[in-house]
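Structures follow.
Both complexes below contain chain A, partnered by chain B and then by chain C.
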Partner chain A sequence: MDLIANNLSYKPEDQYHLNEVSFNFKEGNLYTILGRTLSGKTTLLKTIAGLLTPDSGEIEFDGKNFLKVPVWERNVAMVYQQFINYPHLNVFENIAFPLKQRKIDQGVINEKVMDALKSVGLLGYEKRKIQELSGGQQQRVSLARSLVKNAKILLLDEPLVNLDYKLREQLREEFKNLFSKGLADETILIYSTTDPKETMELNGEVIVLDEGKVLQVGPAKEIFENPNSLKVAEISNDPPMNIIEAKISDNNIQFEGINLEAPKHLSKLTEDGLKIGLRSSDIELGENGNEFEVELAEISGSETLLHLKRGDTKIIVSIEEVLNFKIHDKVKINFKIDRAYAFYADGKLASSPFGGLNGQN
Partner chain B sequence: MNKLYIFLKYFFIVVWTVFVVAPFLWALTTSFKDFQSVNGGVTYIPWFDFEPNLEGWKVLIKSPAKGGVDIIEPYFNSMFVTCTASLISIILGTLSAYALSRYTFKAGFVKNNDITFFFISQRIMPPIVLSIPFFLFLSSINLLDSLTGLIVVYIVLLMPIAVWIMVDFFNKVPREIDETALIDGCNPYQAFLKVVLPNSIPGLIVAGMFCIIFGWIDFFFAFILTFTEVQLLPVKIVALNSSVTPWWSLSASALVSVAPLIIVAFVVERYLSKGNLSGAIK
Partner chain C sequence: MNFKHKYFFLFPGLFVLIGILIFPIIFVVRLSLSGWNSYNPGLDYIGLENYIRLFTDDPRFWESFFRLSFLSVTTVILQYVIGFALAHMVWKDIKFKRFFRVLFLVPMMTTPVIMTVIWRTFFHESLGPVNDLLSVFGVAPKWLTDPVIAKFTVIIVEVWQWTPFMFLLLLAGLLSLPKEPFLAAAIDGASPVRKFIYVTFPLMAPISIGAIIIRLIEASKIMDTVYVLTSGGPGTSTETSSFYIFIKGLREFQMGYAASMSFTYLIIMIISLTIIAKVLTKVLLKE
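Right after this comes the complex of A and B.
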């Protein structure tokens, strides 16, 4: 039972929320929609759920025109980024709600709800009011309610984004376990997120969405290794990939008076206006490196993000330890240039260290 | 500074309380007085200042032939008209408010907000402007001087209040709750009845309270649209003449006529202070 979309467009005012989106989702798979905020992720999920009707395009599920089926008959489940539950019902009643709606036998409902509560780790909370739960617990109830239905299509709209760091890590781990237990083989799981790290960890098929347009589709590893454009490279890396305007000639990459020997996969590029892309983790501090000036140093978790500047070139370096820097300090850094990407002036990938395009030779 | 603030706060609370409570106290003591006590100067404390008796209150239930004030029938008329009109207004108003909050309407330049404003504009207009059309309208359908006619007019007056309060309330209920209900297998009517409505009880109570208050205290339309057959309480109270009806009976009648509002206010206040109103939906 495949979910197929053809050229979905939705343009409520003068801006596209969805722009000719097509996809082919197969049952038993996990799909991650990766995009920045306002890229159309929620619109896409709501369109699949049936809460929005696209201006044009088709959705087909199990060979039938899905757009003609009203929401309440579509057998989808959705978890929102806000913790949406029914405030007037307790935990048990919340999870039982979709089953009661189907007029299932009370005994079966009890059993299923208890199973769902167990799988999200909320056993013993069934009599609690929703308002008495923490954000993470509320989101678990929400998840349990969507699991209990055995829906054919499960939509998760940035389910972890409103949780604090620790809970997010913990719940993400539980999600992965739940998903890998095989959630029933016939489910199509669609997960939207802004977080590249989450995308890589979920390790599903990724759809990169920007301004309502699909930029790239492929397995998470492929998106990470061979982003097909500058934009995808920005969206799929956090902090975004450093983009450096450089010149390649005579096997040398030159920018801001720095000369680096071009690695094999970049040496044959000669076009003007090339941009070199380098992940923040592929730059490191080093004694014999090139001097940059510190613009800002932020500590996030156990990482230090250094914003550096040299001439007109600004880069971000992430260091795997907590270090203190002052603004205008001078630091020396080395580039792992063999891991650099090259993009043409129009933003398309020219060469990647993982063998994309020109890199093959 | 802080002490001054606390002092001023309580000072004004006390002043205002005296201002509000004094007339009630006056009416309450007067209702237990007899002729001598009423005319015997300023007295407030029963048994000490004057000898209380129940004459004023007994008059309320006496038949007019025996010197009663005859407010029982107007009392029940008022209650019937107010409750019926409030109930219908709440039902219609809630349905309209939900539609105005969730769906987009457009007819030329008229949009949702304009429709909501149209409802409210019925309350902004001076009643005198509406009185002649109402009078002509009711007389053309033969409902002048009848309870049904009054109910019709009161619905026009009360429904805007219900719409106004409920639109605001529904706008604060996240749309995602309705959407989740739809996803969980409810059709739009079930989503409204099973999910949105149970979460709107605080709003319904507030809207209901305002409808009852504004219905109960209306004098103008009750006065203009009735003559002999039907009489509502406010009209009856005003008609009680102090040269015929003694002060103590007047006071008792006045107290009895505001009693329902005080009860409504206390019930709602209980409900409000429990925090049920704000905490329902985050």
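Right after this comes the complex of A and C.
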């Protein structure tokens, strides 16, 4: 059963939350909606769930007009970024709630709830009150609640965003296990996130959304390797891809007095206003490199993020080490220029090291 | 911390409390042990004679008490149901929401005695507009002079007057509910009716208990409505405890006896309301 949307638009005030969004989701697949905050991810999921009615467009599921089906008959499950549960019910009753809405035998309900509790690792907590659980446990309860009803469409709206780092890692791992366990055989899984890393790890089909518009659709690897525009490159990289205004001539890339030999996939580009994109991880410290000035050094986890400056060019370098730098320190860096992307002045991809567009040659 | 002057600062509040609460209660207890009446005004001491009379020789008091129980429980249940329905109606986004919210509060803002006089005119058996309209169907209920119907007339007036208060408490409760469980319930497959039964109502339970108890306390003091509408009649068929105590104490001036009734009434109310609150908590909150 496919979930097909045609030109969904939703514009409550003067800004589009959804702008002509179309997609074709097939059962048994995982779809990741990647976008920054306010890009329309939640709106899209709410529209699929039936909590919002779009201004125009159609959704079709199983050959039926989905927009005509009221929320409670859609057989959709949803996990929200806030941990939404029923405060007046205990853990067991919370998870049993969707089953109680149908005429299901109590014995079957007990069995299913226990199964769901087991799969989210909350066995033994069934009598607890929701308020007595930690955030991570509450989110597990709502996950269990969405799993238990065997919905045909499972929507996960940034389910990990409000959890702390450790729990996020742990739950993300569990998600992957759950998804790969065959849960998705006849389910359409739709997972929205702001985190490119999460997108890559889930490794599903990715829909990049920005300001309500679909920018690119494709497998996670493809989005990562060949972003079709500057914007996608920005959204799908964290920290965002470095964008450098450069000139290419005579097989040379020039900016801020630096001269780099253009790799093969960039050498044929001659247009004006080209922008070179380079991931922060594709720049490294090196003794005989080019000198930049440190503007800021932040340490996140086991990584150091260096914000560097030379003339008008600002770049971010991520180093897999904890290093101490002071502001205004001078550092020398090397560019792995064969990993560089090029974008035209209007933001479209000109060439990628992974063979996108002109790079194919 | 040892603060020498704390009693000095406590005194004003304590003074008021003693003056309006503690002294009257102690005085009523003392009064109930006396035979104060119009022939013999004074605080003499007659032991438990008043209480013995009350418990062995005054069925009218107990009748009025059970009548009061019936009237207050019925009116509060009706007020709760109607109040909840109205509050639920203007809770969601409907047209003229603000207008309705104010409209439903109007009865509470009127003066009960005046409104009861108006109701009495409404229900007047030969001159009132209610029977005028009903005459179309060929019926003319004796709203104020039939012993059974008169009870329901009192209930109608009480419900009309005090449902807005219930409405106000319940609306405030509804507006303070979190929105998320309702989103979840819709997605979990609960139709609007089931959403009400399984989410709205249970979430409202604590507020409901509070509202019901407050209204029960108020309703068990029914006095002005009865006094103006039927004066306890016909016969004693709408007479409530407070009205009977009023008759004995301030009409017949049997102060000692009225005091013993008041004190007995107070004790019964404290015990029964405590039990009701416990039962409601158990049933509605499942605790």
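Keep in mind that, in the parts below, the second predicted complex is superposed on the first by the 360 of 361 C-alpha atoms of A that agree within 3 Å, B and C clash if a C-alpha of one lies under 4 Å from a C-alpha of the other, contacts with A are read in each partner's own complex, and residues count from 1 in each chain.
The definition used in the following text is that a contact is a pair of C-beta atoms (placed from the backbone, for glycine too) under 8 Å apart; a residue touches a chain by one contact, two chains touch by 3 or more.
If you're wondering where the values come from, they're calculated on a predicted model, not measured in any experiment.
Superposition note: with chain A as the common reference, chain B and chain C are in steric clash. Applying the stated contact rule after C-alpha superposition, one finds that A:Gln82 touches each of chain B and chain C.
In the superposed model, A:Leu189 makes contact with neither chain B nor chain C.
Legend: residue contacts after superposition of the two complexes on their common chain; A:Arg145 is shown touching both chain B and chain C. Legend: residue contacts after superposition of the two complexes on their common chain; A:Gln131 is shown touching chain B, with no touch to chain C. Of 24-32, 42-50 or 240-248, the segment of chain B whose C-alpha atoms clash with chain C in the superposed model is 24-32.
Comparing the two interfaces of chain A, the one with chain B and the one with chain C have residues 49-51, 70-74, 76-78, 80, 82, 84-88, 97-98, 101-102, 145, 149 in common. Of all the residues in chain A, the ones that touch chain C in their complex are 49-51, 70-78, 80, 82, 84-89, 97-98, 100-102, 142, 145, 149. The part of chain A that touches chain B in the complex is made up of residues 46, 49-51, 70-74, 76-78, 80, 82, 84-88, 97-98, 101-102, 131, 145, 149.
Note for the complex: chain B touches chain A at residues 174, 176-177, 179-187, 190, 195, 198-199, 279-282. Contact residues on chain C toward chain A in their complex (touch as defined above): 178, 180-181, 183-191, 194, 198-199, 202-203, 205.
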